[in-house]
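Next up: the structures, one after another.
Paired with subunit B in one complex and with subunit C in the other, subunit A is shared by the two complexes that follow.
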Partner chain A sequence: MVLSPQVAGLIQVLISGVLVGCIYALLAVGVTLIFGLMKLINFAHGEFLMLGMYAAFWLSVLVGLDPLFSMPLIVVALFVAGLIIYRLIIRRMLGQAMLGQMMATFGLSIFIRGLAHYLWTPQVRVIDKPIVSGSVGILGIHIGLPQVVASLGALVLYGLLHLFITKTDTGLALRATAQDAQVAKLMGIDTDWMFALGWGLGLGSLGVGASLLSNYLYVHPTVGFEFALIAFFAVAIGGFGSVRGALVAGIAMGIVEHLAAWFLVPALKWPVVFLMYLVVISLRPTGFFGKF
Partner chain B sequence: MTGKRILLVGLSVLALLTACGPAPTPEVIRETVEVPVELTVEVPVERTVEVPVEVEAEGLNEVRVGFPMPLTGRYAVGAWQIIEAVRMAADVVNNEYPNLDAIPFGPTAGLPNHDGAQIRLLIPDSQGDGENALADSERLITEDKVHVLFGGYASSISAVVSDVAERYEIPYVCGAASSHTLGERGYKWFFRQQPHDYTFTESMFQFLEEWGEESGNRLETVALFYEDTLFGADTADAAKMFAPQYGYEIVEEIAYSAETSSLVSEVERLKVANPDVVIATSYVADAILFVRTCKELDYVPPMILAHSAGYTDPSFIEGEIAKDAEGFATRMGMATDSQREIVQQMTALFRERTGSDVTGAGGKAFQSLITLADALNRAKSFAPEDIRQALLETDIPLEMSVLPQGIRFDPETGENIYARAVIMQMQGGKYQTVWPFEEAVVDVIYPLPKWSER
Partner chain C sequence: VFEVHGGASLCAQEEQRVMSLPVATGRGLGRHLRSQRHWFLLVGAAVLLAYPWVFRAPYQIHVAMLVFMYAGLAQAWNILAGYCGQISLGHSIFFGIGAYTSTLLLLEFELSPWIGMLIGAILAVIASQIIGFPTFRFHGNYFAIATVAISKIVQQLFIALRIGGGAQGTSLPLVEPSLLMFEFGKSKAPYYYIMLGIAVVVQLSVMRLERVPLGYFFRATKQEPQIAESLGVDTKYYKMVAIALSALFTAVFGTVYAQYVHWIDPFTVFPIELSVLIVLVAAAGGAGTLWGPVVGAFVIVPLAEFTRLTFGGGFTTALDFVVYGVLIIAIAAFEPNGLMAVWGRFKRWRGW
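Let's look at the complex of A and B:
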């Protein structure tokens, strides 16, 4: 049995919307973690994703390490990068105007992008033969295996983060710091370490996304830009600082994007997604799960 | 709380801006360069930094050719081929190459009708900047007293240089730019031999018609699949103009953002529309994503015709993606694999001099200088009006051109009335010419094999 092209197309679009949405959620979790802790948007988020994707590419080309296997290395490297960025830049900006802190990350993003342009040129690079590739077809509907693996990776990461935050002492300390850093400090929590950990986790989670995306997407110096933008809006729609909000919003954005391209015209898919954002914040300024 | 509100307001503004315009595009050097919205620059700007002018073949009996090009900056990588090809052409004209008997001026030294006058190239570095190109062009005319302005890469730069040439009444032979708007201004001193964006598109339909008649495969429906910047929109406008003229129905039109990370909905729409031909205009990242999405969704139309750009980028034609793109066809400015002797000699010489294969852009630039040399040789003197008159009387037959056509300029537009594209198809991991048939080295693969059969 094969479905009609219209029905198969709609189901295909819905499935792809969910799969892509999981990726958006995966990339948004780092933004929301850092914001939840420090009320700070990291504008260099997309550039660290780009660095992670370049790492996956070069490890594949030079060492022959598939992105699936290089993932732990990239996660650790970005985790350490998060700690260093916090210590060298963000920590010195604490107590300064919020705009100043954000400008610091903005400057960092331009620096990293410019450096990538210089080092690796604007050339678009792809990993030729990743282990996970191809698609499976059922009733005329095709599902890309790299996308399935990436979405599963996103859900596993969310599960692990949820367990870490809700079931461990460090997670409890993170939540306490996010709620009120001053009081948490009075209770004996090392809030400085919690902030650093937040940055480490925020960037480290990008390592998972970078590896999984490298399985089927290309890398170039500006590849992180659009993903970062999507991640920011997923956080705004889901609620600033809300991890589950980022998950729900990411998936919602993926579905709306794909349905808009299917039912309207593809050129309108992003305007419709951003219209959704405007509608959500006008009805519920805190986003789905955010609190003011 | 205030911070969150600032963020919300900021993100809202960002949302509106993002929805209205595309994000920065990865730099892609393509054979056709984007058309500028503004084609005139109002105020000459003096450059404070003196850029050295590269002077070649200095001599007394000479014709000076001003050739402002981006030697550095973002266009420098792509412009390299053009500069090397033009230098090679000047060398071929100026010096004796007895073995290059198929190339005009190859066996002789200099311009025979002017006592062996040499072509002297003056190449200032425009850095790919319009204001620099403007200042360079004026300086070349007023200080260096060049007889002709030549060259170009990005259409925006060619527009500026041609403005200056028109103002000073100096011939400008455009070497590579492809915006159709350049010739539409009715400039008296502008000449271009290679196809422009509209010619390229019309050539696609001519190919479909001629190949359809020869093979008996009359295709009827077309889908336009293009990235939504000016480049894609221009090619779509051209296709919408020519499709009805050649009897084709456009059954789907998909404009998408080149920065998108998913083309599933777009390819699904193509699937439902089920066109005979997809005409695709993409930068390289989205071209790669398009091929991969087609493969993932098990979709392949009977024929795909692309507008070069991303589909001929090194990232696309090198590596695994080229295997997946087997059967994809693209329009090009010249057939670098042509078996004609003149093309063989030119490509071999370029490889010998640079160690690289010449691209279509390089080949076109080479021919531009040969065409100019032909006019200079016939001109009564090197006075601008005499050179212009000789350019207007140009009539180079196919056998004396590396392009797939002869050269004769329309006095109204300065465009080559014979200009047409070639169609190349990815076969065996590389693009090979399939049309015009007299240039073809392989037959057209039709229909494209399904993914399961590859």
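Let's look at the complex of A and C:
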């Protein structure tokens, strides 16, 4: 069977859109977890992704560990980084004005990006011959294997997070804290630990994305910036604080982005995605699943 | 001793309240403070006017100009965010509109940038109304992210539609130096005074705004939107007025910037980094206060330049950003309401 070029093109576009959308969702889940818990946007989110990608790169170059196997290490490292950042900086910012919180996380992002610049220079780096590479072609449709693996990783992470949040006692405590931290505290939940855990999970989830992305993307100090922007929009479309919202919105953004690039010109794909965001929040100010 | 101090601080509070009324009645301590303030302003004005004659190096004048520009930009942002409560992360839109309008009019029609500045400001006000109308339904983070989206759309459109050279940007023609054409060749002092003058106009406007009813409505809109609505204040109308004023001043700086650097492209006049820096300057100084944005600019801009000089900038070493980032975090962690709050503490401690 041979597909006509038009049909093949459309299927190609849709598949690529879903694949990249899963990545967006994977990067957005940390933003939405942290926001859901403490009503705070982590503007340094992309910088932690960048740190994770550098970790994957250096582990591959210096130790010879493939990103696929260094993933647990990176997840644990970013989880611990989340706990530390919470203890050192974020805890002071709880209950403060939104601008103070913004200033803290903006400062953090400037600091981390500067540090990466200083330590590793702006030079673009790429992992040499990762295990997952190449692409498969079926019926004239080409799909990159690293992209498929990254999307599967995203879905697995979502599955695990869902199980953790809905089936375990700690997950229940997390949800209670997100709903009303003060009442949760009265019920004997250690909300301080829940916030710290939120930061650990939020940044730890980036570890999965970082190692899977480093399979096929260049690593440099500003790599996280654009991804973080996309993650913020995915969270805004899905609803701040909603985990499944981030998944649905991330995939929707990926599809719209690829359709726009296909039907219009590639240069207009981002204006169309941002326009979609404006349309969605005009119709539903809190996004798909958000609550005020 | 404590009673005297307590009494004095009560008296000072009373005086402050009296002085913040539209018609201040000067008496006793209040008059004394204000006469001191006059001296302070006179000395400040003399220093600022004499600066380019004392510090002649281009770099020294350049840094001072950046301070004035960010003081003015942060103050313009402060009108909308600090006083009216809508935190915008998209103010680079207005800056870019100002820069592009005057530049394109100059290139196409050889129109004087002064007129271009006026047209740019008008266009920015129109744009602000188009942006404000749908987005003022949102508050807090929702509004902030929406403004990021719009500024990204505008930036990408300028690139995609190849406006003014698209991504490559455009350089401004070097015309004969004249005040009329906003061109002063190699001498930096005229740009310095223009930047200073506009920043002072913005500051005086906000000083006036604090004392007229409009300013009271702005603050009511920010602090108690529901109560204000229930008292018949059309909060959306006041937000629209605030963003119009804010956009107007921001666009004017865009034109001055383009005339000064002779080069614009979408990445230098429309970037999110510019919007973020404006927010950082205002927030570090103290958003919603009269002098916060000015203090922020006088601290943050020289700080950034100082760390660049001390720790090396450019592409090879970026230690300056490390130090700069840590200082921003420190301000946020120790005084989330900005440096003006430190001054407030000091005043309380002294019992003023």
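Annotations
Here is the rule we go by: the second predicted complex is superposed on the first by the 291 of 292 C-alpha atoms of A that agree within 3 Å, B and C clash if a C-alpha of one lies under 4 Å from a C-alpha of the other, contacts with A are read in each partner's own complex, and residues count from 1 in each chain.
Here is the rule we use: a contact is a pair of C-beta atoms (placed from the backbone, for glycine too) under 8 Å apart; a residue touches a chain by one contact, two chains touch by 3 or more.
Since this is a predicted model, take the numbers as computed values, not measurements.
For subunit A, the partner with contacts to more residues, out of subunit B and subunit C, is B.
Of the two partner chains placed by superposition, subunit B and subunit C are both touched by A:Phe233. Of the two partner chains, both subunit B and subunit C are touched by A:Ile41.
By the touch criterion defined above, A:Leu152 reaches neither subunit B nor subunit C. Of the two partner chains placed around the shared chain by superposition, subunit C is the only one that A:Ala104 touches, whereas subunit B remains out of contact.
Of the two partner chains placed around the shared chain by superposition, subunit B and subunit C are both touched by A:Pro285. Using the contact criterion defined above for the overlaid structures, shared-chain residue A:Leu94 touches neither subunit B nor subunit C, since it reaches no partner. By the touch criterion defined above, A:Arg125 reaches subunit B but does not reach subunit C. In the superposition on chain A, A:Gly9 makes contact with subunit B only, while subunit C stays out of contact range. Once the two complexes are laid over each other on the shared chain, residue contacts for A:Met187 go to neither subunit B nor subunit C.
Common to the subunit B-facing and subunit C-facing surfaces of subunit A are residues 39, 41, 98-99, 121-122, 221, 229, 232-233, 236, 240, 265, 267, 270-271, 274-275, 277-278, 281, 285. Residue ranges on subunit B touching subunit A, taken from their complex, read 1, 3-4, 6-8, 11-12, 14-16, 18-20, 23-28, 77, 228, 254-257, 259-262, 264-266, 268-269, 271-272, 274, 284-285, 288-289, 292, 295-298, 313-315, 319-321. Touching subunit A in their complex are the following residues of subunit C: 81, 87, 134, 137-138, 140-142, 144-146, 148-150, 152-153, 156-157, 159-160, 272, 276, 279-280, 283-284, 287, 315-333, 336-338. Considering their complex, residues 35, 39, 41, 89, 92-93, 96-104, 106-115, 117-118, 121-122, 221, 229, 232-233, 236, 240, 265, 267-268, 270-271, 274-275, 277-278, 281-282, 285-286 of subunit A touch subunit C. Those residues of subunit A lying in contact with subunit B across their complex are 5-6, 9, 12-13, 16, 20, 23, 39, 41, 98-99, 121-126, 128-129, 134-135, 137, 142, 144, 147, 216-218, 220-223, 225-227, 229, 232-233, 236, 240, 257-259, 261-262, 265-267, 269-271, 274-275, 277-278, 281, 285, 290, 292.
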